Amino acid sequence: MNWALLSLALPLLSAFWVLLVRRAVSETILFATLVSLTAALAAFYQVQSDPVQTLLLGDWTLPLAIRFELTSLNALLMVLTATIHFLVGLYNRFSRHGSGRYSDYWPLSAVLHSALVALWLSRDLFNWYVTLELLTLVAVALVTLSGPKAYRAALGYLVLSLIASLFYLLGVALLYGEYGVLDLDRLSALAVDSANTRLALLLMVLGLMLKAALWPLYLWLPDAHANAPTAVSALLSALVVKGPLFILWLTLTQIAPVEFAQQLGLIFALFGSVALLSGAWSALRTPYLKTLVAYSTVAQLGYALITLGLLLRWQTPELATALWLFVIAHALAKVSAFLAAGEMQATFGSKELIAVRGASQSMPLAMFAFAVAGGSLIGLPPSGGFLAKWILLQPLFAEPAHWPWALAILLGTLASAAYVFRVVALAFDRYDVETELPQTDALAQWLSLLPALVVWGLALISQPLMLWLSTGANP
Amino acid sequence: MTEFQLFLGLGLLLFLLGVHGLVLSEHTIRRLIAINVSGGGVFLVMVSLASRGDSVDPVMQALVVTGLVVAVSATAFALRLGSALTRAESSDREGDH
Amino acid sequence: MIEFTAILAWPFLLAGAFFFIAGTLGVLRFPDIYSRLHAVTKADTLGLGLTVIGLGLLSGSLRTTLLMILVWLLVMASGATACQLLARYERERPQVEDENGGR
Amino acid sequence: MAVVDWVYDGLLALLVLGLAAGALYSLSLYRAVVFYIALGLVLALVWARLGAPDLALAEAAIGAGLTGVLLLSALKHQPNKARLMGWPWLPGLTGIAILLLLIMMVKAVWGLPQGMAAVGQAALLAVPESGVEHPVTAVLLNFRAWDTLLEVLVVLLALLALRQLTLPDETFPDAWPLLLAWSRLLAPLSLLLGIYLLWRGADAPGGAFQSGALIAAGLLMLRLVGLSPALPWSRFGVRLSILIGPTIFLLAAMATASLGAGWLAFPPDWSKALILLIEVAATTSIAISLALLVGSDSRELNQ
Amino acid sequence: MLWLISLLLLTVMASMVRVVVGPTRADRLLAIQLFGTAGTAVLLMMAYLWGQPALIDAALIIALLAAVITSALVQFLRREHHD
């Protein structure tokens, strides 16, 4: 557990340090992130021998203390968070289009890192509320980094997020009123099927869905994610929306009465199917490159929502493996997609999609990164995205009654293929000879390719990965 | 009905009214007032739940203190963001002329 | 002894409440802002002062009474200052805007 | 319950409701803001009524005071008349929806049991071991100190977020002599009262947040009349005072994790001193952060 | 004592009419000032009634902040006329 705590505290401490001394800002944060990554790996290694570690903060006894829990799932999520933070940080440091070495991107991203780790570790409903607020404020601050043009999107995001937090908080208060505890395990042991419990869970679900931008409460996402600086879009899409999803999954699997969970599950699965198609449809129609990538997040979250819905509907905890594989694969692929898209947008000097015409010749690496990431988003074998989809589809194919869901997922796959190819096809279009080749930045393009390679590399460790996820995800 | 139920119901009503106000308004200050009214409702629910016993539940009180501080920080930032937005948009408009 | 101070305290409390009512009536009934300013800051401050005396007699604790007197002094100073500031603001305010139009 | 209790509770509830409606539905923004400030004051009375003096203190300082100044200062940059949304049928329709929702929600929560929650009882039992006598302070700075650390971080984050914005200019007219003299009196008074609240926090209602908010209000008062010195982010001392709260808190957590019993497990002999140290640092940070959050100048922060 | 508190609450409620009808901004603020005074009186009575000395501190804070708000508002309003 101490390794996990180190991984939690270091980014935060380094953020305070660089805010205070304002020297070697990017280097300090990158170094701290690397150490934090190492610590997360150490924690992950440790958790293999001791699968569920708990820590009662302040050494108080349970119902009073806030509880941290370390399983191989959240250790893996910690590794993922640190990896992505590090990779995006590298891009932001070395790309010409990054935010600069001294900008507040650095301390803010470090706080984001710590807030997420705090969220993964915590098992306390109210503590989650505070981490969610923290996450919201960091995310909004990061969005405003790109200047006045992002203010409207940032404000919309903030307002919706604040009201979502209140929904969540009211739900927590009602649960506390009924059971008198805030700890997840305690609640799980005490919870019964009552009108108050249902109301409380419903309020929490609404708040969390809004925060995680799950369909139909996703309307704030495309604006906020498309208007943020590139590195920030990558962090937001890859990591921030997954935090509320994690809480949603834990509360519903642990606390929700079975019948209620099943009803919710059906709704989730339906919403997820709609999200797949509507997100893809919007991605197909938008004229802007980064907005397309942002809408793809809406669509991809549809997969997570379907998986969560079916998991609740059939009460099959095994599906959690698929859920978290989706999350990990999507996070890595989306980082690549956003970095590549942002790099192209900045190089061509236009946010229009049409600007990438001929990019396969002028910026082959970035285009390759986008295509490779897109491959995982579509779910081409043997990428991480494929792995997740495969685990999800197996039980669906097994029974004819489940085929409609399989059909929805296959349709979603086709739709995501359509928007990925929309970009790729344009890039392979004939390059306009008369325009000058823009100055490209090879290093930045390589950096945008890295996460995509990692997501395809997941296939190499698919067996242990599934094992880790399945042991960690079924407490 | 006891007074805890009176204030519990009042809190829920306040929460809903705030949400209602939020849905109906498109103005930054109004929206933030609505959010804070909603927040007041949630805190009212929490405190009325805390006051059920013989003495008042200290944990719930502490949670509300935390909630208040979080709310005021977020509100402060949101209001200033709203002012910055108004300024940015008015200077944009002047730039167009 | 306690009984005696308690009996003594109630007239003060009642008189305090009376002045609060008077102040509110003034705010509601007086014709213009300047006289309303007077109503609030004088009558209410007096009402609070009487209440403090009454409560001080009831509580019988010196520390509490001193604190309450501090509150009263603060309110009195604040009332006097607010009265001056608002009156001056009203006097210097450009009288062009339409104040009845739902401002 | 006696009749008088009902009259009294009913009046409070009616006031809350009326003021909330005024704050939400007034056509004029200025009026809405005034209603909201009044609502904050009544909520403080409600907390007092429900037996939560800590909250009464916090609400008076934060909810009514700071948020009031904040809303008033935001008014300038916004058009005063703000219509509610266009469609005429919308308010009525949503009003009915609200009513139905309320009935459903009240029905759901009606049966909640009486009596104190398990965590609350555990907290009251553990107070003697916490190093402070006041239960709420014990919860905030010991039992659930991790929440509080994150909360101090939220305040810092709001300030960092504000740093990214290009803000409109804030200039005030020269203050009248009376106002100058008055603020010269009010500011030290609020500082004094803030320190008093912090000091009382260990064994009575009060504590870092209330105290920080009050001191921030004093700083704001000075700022409004042009007496306060600039607190530019570029100055090391300013950054240090803003960061000291969360930093000391985090360092305490790390120290207890590596040397002592565990993350934020204060050793019994030290807990009182540690809590005091953290509280003083947190109060400093909160006071300056809140003052800057509400009243920072356009150039003060972006450097 | 509770009756007395209720009476004060009633006067507060009545004075809210001033916030609605105005007519000037100063009038509306005046209602807040009155509110602050009556609120402190209510808190002081509650402090005595339930033996909660902390409520006197709350009264002190309200008195202080009502003053801060009035002063702040005067500055804000004057600023508007200046531009």
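As written, the chain order gives the labels A, B, C, D and E, with residue 1 at the start of each chain.
Convention: a contact is a pair of C-beta atoms (placed from the backbone, for glycine too) under 8 Å apart; a residue touches a chain by one contact, two chains touch by 3 or more.
Since the model is a prediction, treat every value here as computed from it, not as a measurement.
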Required steps from chain A to chain C (each step between touching chains, minimum): 2
Neighbouring chains shared between chain B and chain E, ordered by label: D
D-E or B-D, whichever has more C-beta pairs in contact: B-D
Chain at maximum distance from chain C, centres defined as averaged CA atoms: A
Rounded Å distance between chain A and chain E, as computed from the means of their C-alpha atoms: 47
Centre distance in Å when chain C and chain E are each reduced to the mean of their C-alpha atoms: 10
Centre-to-centre distance between chain D and chain A (centres being mean Cα positions), rounded to whole Å: 31
Chain centre separation in whole Å, for chain D relative to chain C (CA means): 27
Junction residues of chain C, two or more chains touched: 74, 77, 81, 85, 103
In chain D, residues with contacts to at least two other chains: 5, 30-31, 51, 54, 75, 105, 109, 112-113, 116-117, 119-120, 123, 143-144, 147, 151, 154, 157-158, 161, 165-166, 179, 182, 189
Touching two or more other chains - residues of chain A: 126, 130, 133, 137, 140, 144, 148, 151, 174, 176-177
Every chain pair meeting the contact rule: A-B, A-D, B-D, C-D, C-E, D-E
Interface residues, chain A side, partner chain D - complex: 2, 5, 9, 12-13, 16, 19-20, 55-61, 63-66, 68, 104, 107-108, 111, 115, 118, 126-127, 130-131, 133-134, 137-138, 140-141, 144-145, 147-148, 151, 174, 176-182, 194-196, 198-199
Interface residues, chain C side, partner chain E - complex: 13-14, 16-17, 20-21, 23-24, 27-28, 33, 36-37, 40-41, 44-45, 47-48, 51-52, 55, 58-59, 64, 67-68, 70-71, 74-75, 77-79, 81-82, 85-86, 89-90, 92-94, 99-100, 103
Of all residues in chain C, those that touch chain D in their complex: 74, 77, 81, 84-85, 88, 102-103
In the complex, chain D residues that touch chain E: 4-5, 7-8, 11-12, 14-15, 18-19, 22, 30-31, 34-35, 37-38, 41-42, 44-45, 48-49, 51, 53-54, 56-57, 60-61, 64-65, 68-69, 72-73, 75-76, 171-173, 175, 179, 182-183, 186, 189-190, 193, 196-197, 200, 204-206, 210, 214, 217-218, 220-221, 224-225
Interface residues, chain B side, partner chain D - complex: 2-10, 12-14, 16-21, 23-30, 32-34, 36-37, 40, 43-44, 47-66, 68-70, 72-77, 79-84, 86-88
